[in-house]
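Naming follows writing order (A, B, C, D, E and F), and every chain is counted from residue 1.
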Amino acid sequence: MFSITVRDHLMVAHSFRGEVFGPAQRLHGATFLVDATFRRPELDDDNIVVDIGLATTELGKVLGEFNYRNLDDVDRFDGINTSTEFLAKVVADRLVEAIHAGTLGEGARGIREVAVTLHESHIAWASYERSV
Amino acid sequence: MFSITVRDHLMVAHSFRGEVFGPAQRLHGATFLVDATFRRPELDDDNIVVDIGLATTELGKVLGEFNYRNLDDVDRFDGINTSTEFLAKVVADRLVEAIHAGTLGEGARGIREVAVTLHESHIAWASYERSV
Amino acid sequence: MFSITVRDHLMVAHSFRGEVFGPAQRLHGATFLVDATFRRPELDDDNIVVDIGLATTELGKVLGEFNYRNLDDVDRFDGINTSTEFLAKVVADRLVEAIHAGTLGEGARGIREVAVTLHESHIAWASYERSV
Amino acid sequence: MFSITVRDHLMVAHSFRGEVFGPAQRLHGATFLVDATFRRPELDDDNIVVDIGLATTELGKVLGEFNYRNLDDVDRFDGINTSTEFLAKVVADRLVEAIHAGTLGEGARGIREVAVTLHESHIAWASYERSV
Amino acid sequence: MFSITVRDHLMVAHSFRGEVFGPAQRLHGATFLVDATFRRPELDDDNIVVDIGLATTELGKVLGEFNYRNLDDVDRFDGINTSTEFLAKVVADRLVEAIHAGTLGEGARGIREVAVTLHESHIAWASYERSV
Amino acid sequence: MFSITVRDHLMVAHSFRGEVFGPAQRLHGATFLVDATFRRPELDDDNIVVDIGLATTELGKVLGEFNYRNLDDVDRFDGINTSTEFLAKVVADRLVEAIHAGTLGEGARGIREVAVTLHESHIAWASYERSV
C-alpha cells in the first residue's frame, strides 16, 4: 500500500458541553496541525498517489471554511461538540467528496482510503480514517 | 476508525543481556517519549474517543511505576530484556486493564484497540498494538 | 552562559484589531507551545540553573491564569492586541517576578536573563527576552 | 503486533516528467528523512523485533547507493519518475531482500511486514508498506 | 528584545567544489527548511514585530527565485560553493533589502536584526544573523 | 555571524544528590539529544563554518566516551551532579579543545564560539555557550 500525506493548519475558537471537558467548557481555542493522508494499492500513470499540489490546495480549501472562526457560530456544528476526533472526520469526509468530484484529478479516483490527523498540541492528537 | 493519542515520557536506567546488544549490555539509560493511542469505530455520547484528561492521568500513573528507576531492579522484569518494544507492550497491557477496570470512564469501554509507541531517540522508536 | 528551557502549552481564544490582521480580526483561537528559558553565567550549589520541577510548576501557574479562556474577556488585556510576541512578554515578565519573589528557589536569584518563545503553529513563533 | 523504526536520511537531485509536476519538472533536489519500520507478531529470543544496530546499518547501505547522486543518471531509474512514494517502495523492497538474505540476522526472519516513509519536507511525506 | 520567526522550505540541486566535501562534490540536492527571524526592541503600533502575512509572503518570494532549481546553473552563484551557511546569508540579505524597500510594511522599519536558519536534515542546520 | 549545528545523541544512567532532585536522586537514565553549534563572523576558504563531516565525527567521539555508561561510575564526575546543563559544558569544553588541537581542520581555527544544547525530553533542555 502506498500513501502520501500533506500538512496544513487551522486556528479556531470553540467550547464544549459536558462535565467531562472541565475548563474546556469555556470558550477557548486551538491551533490544529492537520495531516491528510491518501492511500492506494498502486500508483497512477505519473507514478504518484495523487498530485501533491492539488492535495495541498484542496486541504487548504477545506480548512479555509473554518479557519479563523469560532466553531460555536458555525451552523452545521450547532449542538455538536467539535472535538478534535470529530473535526478529523469532518475534514476526511470532505476530502473523500473531493476525490469523488474529481477535484483531486482523474488519477486520484484510485485512492482507496483517507486518514486525517489533527494535532491539538505537542502532547495530544486525534485521527479518523475511512475508505473512499 | 477514530483514535486519540496522548504523549508523556519516562526516564529509566537498564542494561541488556545478549551479544546482539553490544555496548548496551552495560548499565545505561533512556528517555522514552511514550505515545498512547486509543482506537474505536464510533465516538461516545460526548463525541470523543476517551476523556483526554483521564487518558493522560492514567498514562502518567502507568509510567509513574517505572519513572526514575533502574529497571534491572524491578522484580517483574527479573531475567527479562526490557527492550523498547517489550516496554511498549507493558504499557499497552496496563492501559487495556485500565479500560476493563473502568478507570478511563464508562464511555471508554467502546475502545477496541490500544497502541503504544516508545521513542528512545530522534532516530529510533518501537510500538506494540493489540485489541482490547 | 548556561540555560535551561521547559515547555508547556496554552489553548486560548482571541481576536485582533487592525486591518493588518486580515481574517484574524475575527474571534479565533490558538494552541501556543510555550518555551521558557532561564540563563545565568554560573550554576548554583546543586550544579543546576534552576530546579526544573519548580520552573515547570511556575510556568504552569502563569499559563493557568489564561488557559482555556477568551483573552478578549481578560480585563488586563482590554484594548490590547494579544499578539504572540506580546503574550511572550507577559509570560516572561511574570517569570521574572517569580524569580524576584523567590518562588523559583533561593538559588534562582542567580538567573540573569529570561526568554520566552510561543509557537503558534509549525510555521510561526515569537519570542521575548529580557534581563532579570 | 510489535514494530521498531529507525531513521536515516538521503540527499539527492532529480527531475520529473509530466505536466502535473509543474516546476518540479526542472532538475532540483531533496533531503528525504527515511523511516524504516519492521513489524512482527512475536518478539525473537532476545526480546526484540530486530537488532537495531543491524537495521540501521542495512538502511544506511540501501540509502548509500543513492546518496549524493542525481537520480536522473541512475540506470535502473531510466524513464521512471522517482517520486517520493516510488522511492519508498525501492527502499522497502531492498529491506525485504535483506531479511530474506539473512543480513538482518537469523531472528529477523520472523518479520512479517516492512513499511518505509520518506519525508520530503516538514509538510509532505510518502509511505509504502508490504508483507515480507 | 522581541522576535517573530516564519518557516518555509526550498528544494534545490547543487554540487560543491573542494575535497572537504567528499561525495557532496557530486550533483545532489537538498530540502532546506528555512526559518526567518525578525528582531526589534519595541513592538509597532499594532503590537507586533512585523505583519506575519507579509513576512511569509516575502520569504516565499525570496525562496521562489531558487526553488526547484539547480543552483549550479544560477549565474550569481557561478564559482561559489552554495553551502547551507552561505545560502542562509543570501536569504537574510534579501530580507534586509525588503525591510529597507518597505515591502514588509512601514512598521517593519523598526526591525533591528534578521536571522535565517536553513535545516538541511534532521541532524544538521546552519544560520546567519546580521543587523538591518 | 554564521553558525552550523550538528545533532547526535547519548544514552546514559546517573543519579543526583540533593533534595531538590526528588525522585531523580534514584539511579535512572536519559537519552540526551545533543546539538553542537559552531559560530564565526566569516566563512573559511571553502565557504563554510567547519567541515560538517569532521564536526559530526568529533561530536561522536566526545559522546562516545560517555555513551551507554553509568555516569556515577565515571571517575572525573566523582561527587559531581551530572545535570543536563553541566553535561552541556563538558561537551562544549571538549569541542573547544578539539578546535585548538586542529582536529576540526585548520579552517576551524576561525570559530569564535561554541554552544551545546542537550535535550533530556520533549519538554526540557539545557545549553552552555562559551567563546573559543
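Here, a contact is a pair of C-beta atoms (placed from the backbone, for glycine too) under 8 Å apart; a residue touches a chain by one contact, two chains touch by 3 or more.
Keep in mind the model is a prediction, meaning the values are calculated, not measured.
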For this session: Consider the two chain pairs B-F and C-E; indicate the one with the greater count of contacting C-beta pairs.
Result: B-F
Problem set entry | Homomeric contact subunit C-subunit F: same or different residue positions, threshold half | different
Problem set entry | Inter-chain centre distance, subunit A versus subunit C - centres from mean C-alpha coordinates, in Å | 30
For this session: Report, in whole Å, the distance between the mean C-alpha point of subunit B and the mean C-alpha point of subunit D.
Result: 27
Exercise. So which stretches of subunit E touch two or more other chains?
Worked result: 7, 122-123
Problem set entry | Residues of subunit F touching subunit B in the complex | 7, 9, 11-14, 23-24, 26-33, 67-70, 120-123
For this session: Provide the residue numbers of subunit E that touch subunit F in the complex, in ascending order.
Result: 18, 20-22, 80-81, 83-86, 88-89, 122-130
Exercise. What part of subunit B is in contact with subunit A in the complex they form?
Worked result: 1-8, 43, 46-49, 51-53, 56, 105
